[in-house]
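The structure is given below, and queries will be raised subsequently.
As written, the chains take the letters A, B, C and D, and residue 1 is the first residue of each chain.
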Amino acid sequence: MSDRTVGVGMIGYAFMGRVHSQAWRSVAAFFDVPVIPRMRVISGRSREATKAAAEQMGWEEAVTDWREVIGRPDVDIVDICTPGDTHAEIAIAALRAGKHVICEKPLANTVAEAEAMVQAAASATGRSMVAFNYRRVPAVALARDLVAQGRLGEIRHVRAQYLQDWIVDPEFPLVWRLQKDKAGSGALGDIGAHIIDAAEFISGQLITGVSALTETFIKERPLSEGSSGLAAAGGSGRGTVTVDDAALFTARLSGGAVGSFEATRFATGRKNAMRIELNGSLGSLAFDFESMNELWFSEGGKGFERILVTEPDHPYVGAWWPPGHGLGYEHTFTHEIRDFLEAIGQGTDPTPSFADGLRVQRVLAAVEQSAADGSRFTTVEDT
Amino acid sequence: MSDRTVGVGMIGYAFMGRVHSQAWRSVAAFFDVPVIPRMRVISGRSREATKAAAEQMGWEEAVTDWREVIGRPDVDIVDICTPGDTHAEIAIAALRAGKHVICEKPLANTVAEAEAMVQAAASATGRSMVAFNYRRVPAVALARDLVAQGRLGEIRHVRAQYLQDWIVDPEFPLVWRLQKDKAGSGALGDIGAHIIDAAEFISGQLITGVSALTETFIKERPLSEGSSGLAAAGGSGRGTVTVDDAALFTARLSGGAVGSFEATRFATGRKNAMRIELNGSLGSLAFDFESMNELWFSEGGKGFERILVTEPDHPYVGAWWPPGHGLGYEHTFTHEIRDFLEAIGQGTDPTPSFADGLRVQRVLAAVEQSAADGSRFTTVEDT
Amino acid sequence: MSDRTVGVGMIGYAFMGRVHSQAWRSVAAFFDVPVIPRMRVISGRSREATKAAAEQMGWEEAVTDWREVIGRPDVDIVDICTPGDTHAEIAIAALRAGKHVICEKPLANTVAEAEAMVQAAASATGRSMVAFNYRRVPAVALARDLVAQGRLGEIRHVRAQYLQDWIVDPEFPLVWRLQKDKAGSGALGDIGAHIIDAAEFISGQLITGVSALTETFIKERPLSEGSSGLAAAGGSGRGTVTVDDAALFTARLSGGAVGSFEATRFATGRKNAMRIELNGSLGSLAFDFESMNELWFSEGGKGFERILVTEPDHPYVGAWWPPGHGLGYEHTFTHEIRDFLEAIGQGTDPTPSFADGLRVQRVLAAVEQSAADGSRFTTVEDT
Amino acid sequence: MSDRTVGVGMIGYAFMGRVHSQAWRSVAAFFDVPVIPRMRVISGRSREATKAAAEQMGWEEAVTDWREVIGRPDVDIVDICTPGDTHAEIAIAALRAGKHVICEKPLANTVAEAEAMVQAAASATGRSMVAFNYRRVPAVALARDLVAQGRLGEIRHVRAQYLQDWIVDPEFPLVWRLQKDKAGSGALGDIGAHIIDAAEFISGQLITGVSALTETFIKERPLSEGSSGLAAAGGSGRGTVTVDDAALFTARLSGGAVGSFEATRFATGRKNAMRIELNGSLGSLAFDFESMNELWFSEGGKGFERILVTEPDHPYVGAWWPPGHGLGYEHTFTHEIRDFLEAIGQGTDPTPSFADGLRVQRVLAAVEQSAADGSRFTTVEDT
């Protein structure tokens, strides 16, 4: 084992844990990273399930207390894959213990928690990163490059949608993602956060204010094992949905652009349509994650070109396969971890930083405030 | 000449006049209409140009005073193709003269004018119709049918955009469409009106309130022959753009849906992308006028089907060509006039009526008021 | 009526007659043609039906003998819209009578007839043209321009398909188009002829030899009113299909390209997919008539650009509507007739000429010969 | 380490070696395979490069003689990723040594070699498989399922193309893939083999005869380090291309379908467009690997539905991510190895077998023979 090895401990092992594991396992086989991750330990609440997950996903050990992960001297990096209400506590503890921290998005469930995390990161010796993985879709990274090179000119419009349909059925149960105490918000924080980050990342402009409207189409749903606070529901078979099903907002951005945003879990037939279009004075870009290897680009008065983002000189692509041989969802995480390891190795700060995560949190807060306040235009704090 | 002949007089002969003429000329060759139009007379301000237009477009006579058209006993139908600030006066006069009236959209430049027109229509013997031609795109009519049949279930989302790019160049001159006194508004009234009407038409729901934001990206432009009020500009070579370049709004609809709307002339690379997507509890629909012979439809948890709307049992299509042989922009007008003649022949009221046109006007007014009032949610009058 | 008027007589009034009529009616309203067509007379076998057709489609008179059309001094142009087995006789008579002739494709049912027509054209005073209307799709004309400008470099591949599905049902009756004596061939001559012409037109190369395979999937079909030679069927309810359902061939072209061609009426779900793709040393083009306002173009190692062929500087488009407002099937005929009138007015020979029609006929003959001869590579006569 | 462990030895470590390694590394983390692969050893000619590859790709050891891999008792599975001219010798030796063998396609460079391999497989105790990975694209596997369920009815048309453009530049050097002694054939065997296998796999019909045409557009290319037999070139800087650049053929299939096939490396702008369309009496399917997560399906007279093949009940997909989160190229290999391990664990024969590989070889041989024989229709041996 090389002395460039760094130990990794992961907290949580569900959906996000599985995809992060694949990234940790694959990154060094494709990228020439300065430090080589070793998958030391994962933690989860159930001893048996965690042990099984560790074995399947290739982690050396399994524990049931996340504090144990943070306390281990052979763990250099802590990877937080738990629900948002636990992020602040874990991340702050890990940073104080001198670890590098990569934390799933949204950074936290409240602005206050996110601020505390940013403070902890500022005074820590470890590096920290929030995992907005869509920045690492090669087509999205290429989009940002084209904007940064001035190929679109002055950006006037940002048009972003994140459309899913997994809770259209009114009999879909009241899982924790539909309960505010656990999830913070609904479509807004879960998927709206991604398009807010992507819009700012690609456009290079910050969202300065928003006018918003949110809606919960199905007010009550069947309780299930995944519901929290069953007692509060008083024994009835149904509980109240306390988060948004859909969030829509218009926005102004720091560079003069106007924006239109929509996040919903009720777009029947749309599975993971994370879409963004930018219109500038010289050109336009359009992207849809359902066709993640394509970027549509128009400039010079011409039609939209379908760029198949599989060329060796496209971001991240050179490490993989020949032209026309596409990548999938999990590669965005491999790219993210590659960039994280690169920053650790070079002693620089990775992006998106916790401060970037806080920004998204502030936009989310402004959206909720505007929606509560008759859609009144609401300034995003600190921009 | 059949005794089923009706005389037509048209006011205005520019872009809209040309396409209306093609519709008048073609309608009876393809549809078995109860009355047969005869293209009697057009009016325009320049004698010579009007005469040339009449000859080219197949009108029997040309005059320079629209009142002359209305006064003629051999004119049964008056077709108003002039800018919006003249609609009310002409339409009211024509209705009072006992004529049938078809009037280009938007119905008027103000709610007050539109109200006067609705009143005139109510007490008239002639039939009246406002020309929202996009209702007559076969794919749009099919979309409405699918919604009306309940195939989408309960509609939750309406997502409509009208994207053009013809004034992206800051040196594009200050034509009358960019001046409020003449045009009423900018992208909002010109193209936003179409998606408002289409959204209500297809969804079967009315827009009850809006939260809006408008923007004028280029504040001054070169004066040109097409600019009005040159004197006011005080001799300088540039004048102020007094209308919106883009208008964005979110909305609530009468059946519980939420809507996201955007009209802009700054979407570089988008030429006439009049797009609408609806998501319901059972299915979804998507349309883009740039591919006007296609409708995308998803139901039953399946992917989106590309319906090529060229089958004989699709709306209006049976009159034309075999499957797969598409129609173009002008056909929407032929269909519109066919429906108008049908209503005249059967003694019924055609749709969209002047009252429908007034509704759109009220939504436009609410959008402008909300935009002026910090995007505050603003109720649409009378819904 | 201007002295630039030319009288038109049309033979046949079915599908092709209807679309030609719309073209004659519309051409002068949109194009500044040197001579103005006047729709004098149509002929058909049934007096009543022909009279009704004339009235609906706007022809002044109806007759039942095509010779009467040719004999009239007020007819300058003869437009032949009948089945292929009658083309030679009518066209040759019309040319001998000093008329200009536009003839539907295929030029004839046999090479011998086509050769006779070319001879007649060569010694005639009138102009002649064969109506391969797909050349007049703006996207197809633009494709040819791009090739002619060298934008694709040396052409290596031509890949053309014409896919329909209207006889997939084995109970579809034995109409004349499925009988060799009337139709000459099946999918091959009906739609294969179009892609042969388009391939040569766009690529600028001639097909020098072919290797072919044809198939008739459904050998017998129900007899119907549209079947010819009922007696031969001996009273049974079914008759033999005597033409191909599908024809496939590979080819070599005069400039070194290789080609792949397929025409079928058994491509379930494809309605009128007339598709062509060209690959050259510098770039590629792709077209599908089901999206007739689009041309896909790749050059310089870039992805395929979706050119919306609706710009004023695109072929034929300037006469019509603003960018993004598409055209339909019938416009290809209006463009064809515009070019025909232009040639008549300027005293030049229109294209495609009867000689071009003969070339297609020779390719069709080579295809049939190769298919009959174990797919052996067969040289196209006279290339 | 579980006693279900099987040792794997891989011969060759270039492009195919990298993607196979990723599959071996990932398979057990996502699929519940009956035996767990352990990545024991790889072999390559250069000691240093092989050692570096082993380290990067996660193999325990590196050797320089493939016989050493086959001789090891801790190797149960031999994975052959070398060029086609070495397959027979290695595979036969491995089978005789009692190993399970998975061999890259094409199975061999000649029919005779392939026959010997099939014989060796028949008398071996180990299992054998040829790696036509495109069968394991979820969309391709779903296509086969739909056909097998009868959803397309009787298949009439198979239309398959494999389009690439990586040697369009005439200055691209004479690499071994362009030399017959090493590569066997050009586009035909390299990518044509894939569409032959996919066509038979999806349609359930065998290709019984072909009529073919091949072409080498660029006859000479610059020599390079990758060229073999430099001496033969006599010191000049250029050598002769001895394989096809493109191969086109029509075909007849055992169930009555006709086929159109094309493989080329000269389709400028097409990167890895492995496309197949099937038309049946009841429905049609279309696929393009450049959009590998989509399958287009039409049935019941409806338009083509875009099936996003990312649902848990789609083939292989349940092991991965939620709907709408696509897979990439490498996953096809993980699926292939999963099926191979499944067969080993269950004691059954995996598919595609060496016999399936031989079939493809025989079709390739018939194509070459027909091309050499004036495109004469040539029966595929043994069908």
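Following the convention adopted for this analysis, a contact is a pair of C-beta atoms (placed from the backbone, for glycine too) under 8 Å apart; a residue touches a chain by one contact, two chains touch by 3 or more.
Every value quoted in this text rests on a predicted model; they were computed, and no experiment measured them.
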| item | value |
| --- | --- |
| Farthest chain (mean CA position) relative to chain C | A |
| Gap in Å, rounded to a whole number, between the CA centres of chain D and chain C | 42 |
| Separation of mean Cα positions, chain D and chain B [Å, integer] | 55 |
| Distance from the mean Cα position of chain D to that of chain A, given in whole angstrom | 36 |
| Of all residues in chain A, the ones touching two or more other chains | 270, 302-304, 308 |
| Overall pattern in which the protein chains touch one another (line/ring/star/complete/other) | complete |
| Chain B residues touching chain C - in the complex, by the definition given at the top | 15, 18-19, 21-22, 25-26, 28-29, 56-58, 164, 166, 270-273, 289-294, 308, 310, 320-331 |
| Complex contacts: residues of chain B adjacent to chain D | 302-308 |
| Chain B - residues contacting chain A, complex | 152, 156-157, 159, 161, 163, 165, 168, 211-213, 215, 217, 246, 248-250, 252, 256, 258, 260, 262, 264, 266-270, 279-284, 298-299, 301-304, 370, 374-377 |
